[in-house]
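Letters are used for the chains, namely A, B, C and D, taken in the order the chains are written, and counting of residues starts over at 1 for each.
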Amino acid sequence: MNYDPRPELITAARQFYQQGWMMGTAGNLSAKLPDNSFWITASGKSKGKLTESDFVRVNLDGKVIELPDNNNRPSAETSIHQTIYQCFPNAHACYHVHSVEANLISRCVKGDNLVLPAIEMLKGLGIWEENPNVVMPTFKNHLDVPRIAQEIRDRFSRKPPDVPALLIIDHGVTVWADTTEQAANYLEIAEYLFRYLIAARQVE
Amino acid sequence: MNYDPRPELITAARQFYQQGWMMGTAGNLSAKLPDNSFWITASGKSKGKLTESDFVRVNLDGKVIELPDNNNRPSAETSIHQTIYQCFPNAHACYHVHSVEANLISRCVKGDNLVLPAIEMLKGLGIWEENPNVVMPTFKNHLDVPRIAQEIRDRFSRKPPDVPALLIIDHGVTVWADTTEQAANYLEIAEYLFRYLIAARQVE
Amino acid sequence: MNYDPRPELITAARQFYQQGWMMGTAGNLSAKLPDNSFWITASGKSKGKLTESDFVRVNLDGKVIELPDNNNRPSAETSIHQTIYQCFPNAHACYHVHSVEANLISRCVKGDNLVLPAIEMLKGLGIWEENPNVVMPTFKNHLDVPRIAQEIRDRFSRKPPDVPALLIIDHGVTVWADTTEQAANYLEIAEYLFRYLIAARQVE
Amino acid sequence: MNYDPRPELITAARQFYQQGWMMGTAGNLSAKLPDNSFWITASGKSKGKLTESDFVRVNLDGKVIELPDNNNRPSAETSIHQTIYQCFPNAHACYHVHSVEANLISRCVKGDNLVLPAIEMLKGLGIWEENPNVVMPTFKNHLDVPRIAQEIRDRFSRKPPDVPALLIIDHGVTVWADTTEQAANYLEIAEYLFRYLIAARQVE
């Protein structure tokens, strides 16, 4: 158990905070260890200046197994991270942030999928096709977060998504990847697509 | 009297300035001491590079009790800070800034409340409800600032606001909190909501 | 002749560049010395990384009197700075930048004045009135820059402007002030007003 | 072969990344050496933190001649850089990035040229005319990148473009210049023009 992803998560959180994606303590980041437990940001911390004690380590059942600061509790959205790691065993990082654009575009979705624009940047989400027709799954928001997690699990167990990202309405995007670096890249692409879609509606 | 909040206020002002919320010396920040006096930014200082002598300490009646630089005078809006500390005895920090979005959305308000969008980010202002129906109180701007302060006092003594924030029309937002860190978080959420509301109107 | 404003101009240019107001070498900054000569940025330099040799010193007639690098020539717009210093003898700094918003709003002007919004931020340009009715003078752009300068001189000799700023159509804003710090504050307010006016048109 | 442009490319990439023009590993930068080979960014690297081993050196025929890290391969778009260096023998740097605004404006183009606005900033692309009437050539995007390169070569061999820049639809801008510094300046102007054009459509 020597690998500690917290320094990478601290750096990533600061960058996302500076982009305006983690304002006012919003959002949560996690990374998995070889034993399938994962470090996740504690609830209510400003994401621009996390320290290693601002994390909680939980196992895949959501049980806290390491708590550097006893005043902390895991993010309220830990169940979504559990679900992602259970659905995608290769995923080692899961990032959830709340941009203005993600929230706005989520209200424009018809049905339960956001249609992504067929632009070159989709290659960054692993889509190498001419004129790709790809969607990002969207989910209803609930005050009861485990209910969101359950709906994600139900849907992804029936059909895996086109891209490693999902959007909760009024509640931001979640991405996952094999590495923390790849998760950051996916998040940048997802937020780029939201900005593109919102700006496209302003231009029309 | 050992606690000195000025270093935290200097850091906060620089961050808000970099966000574009304190351009051209606009806005003012204060933090209260245990004796109920408070340090407030002096008038006319660039908020990106404050020093400890760019503050004035006043008591709850607005009387100057410490003036590191005799050329300074307290912010023209000190009376609003006094009013906030009088209305909310637990408040220890009060931040007032002028973003473009706050000013624009203030002109769209019908009546004297801004209706806030029912998005997840409202949790950051302490609202934990499904589909919350919450407003931010708005006030008319007057050249005579004590008149603004009086109208705030009158209204909040009748009914406390849903959220720890108020908006003065054409004149930016004011937030307050138990700690400087919490005040910064509230401000980030308030400005996020203004950006959301303005962008939503551009998309419609 | 010990005072050298170049370090302040270098810092200001870097900040304006980072705001997106001096892209691709655009814009020019100057500051006056006690002998009425002034240092102005040389033509064609990236404003994010100026050095002291990237300036030229000229007198009020536009004659070069100090040239740290013989490869340089003064900004193509030196005649506008001369005109400002001649019209406003108290001015010690003159800043000219090209934001997207300034250029866009310049095309919306009817007549030869931009009507400024009556928002609190106008105090930062020295306007302390209830519901102020204030304009910023606008000028036509010409490839022949001395012709722009002449039109500025003609108009300001008839009537001084309401605010220490002017806008050239398709060509950005120019501000002037007693000090470099005040000039930066005025520029921030001017650009804030342009952003406000453009966003207001997007919301309508 | 002592000149190594990679440090300049690393700095440029970090700046463009911070502007949001190289999100999620998008884009590629190259610079030519005296022997007509060029260093180009390797495929799939985050542009905010390149190192010297994140580049590949290829000759004008696209053959890899230096590979500091054997796991790397040249950018998928190397053929476009080859074409630029072949068409414009004086070009020593070629930069390709993907901003939201470039992608959006590319979809608004009628025919195969983007009409540029007649604003002062065009001087930064070498256009010194009163009311210039200038276009930027646009090209269709293809999954098969060498096909894009071929169409660029065909068109530019018939008629050189007005400005040292081209736009691929849904796929961002490419600029070229005699020096890395000039290429950065051209890119800043191009992106400024895209932002201007998009904002102009939002204001209308």
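In this text, contacts are C-beta pairs under 8 Å (C-beta built on N, C-alpha and C of every residue); 3 or more make two chains touch, one makes a residue touch a chain.
Computed from a prediction, not measured in an experiment: that's the story for all the values here.
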item	value
Rotational angle, Cα trace of chain A fitted to chain D, multiple of 5°	90
Interface composition of copies chain B and chain C: same or different, split at half	different
Far-end chain from chain B, centres as C-alpha averages	D
Between chain C and chain B, distance of the C-alpha-averaged centres to the nearest whole Å	31
Distance between the centres, which are taken as Cα means, of chain C and chain A, whole angstrom	44
Sequence positions of chain B contacting 2 or more other chains	202
Chain-level touch network, classified as line, ring, star, complete or other	ring
Partner chain D, residues of chain C touching it in the complex	20, 23-26, 46, 98, 100-101, 103-104, 107-108, 141-143, 168, 170-172, 198, 201-202
Residues on chain D engaged by chain C in the complex (per definition of touch)	117-121, 124, 128-130, 181, 184-186, 188-189, 191-192, 195-196, 199-200, 202-203
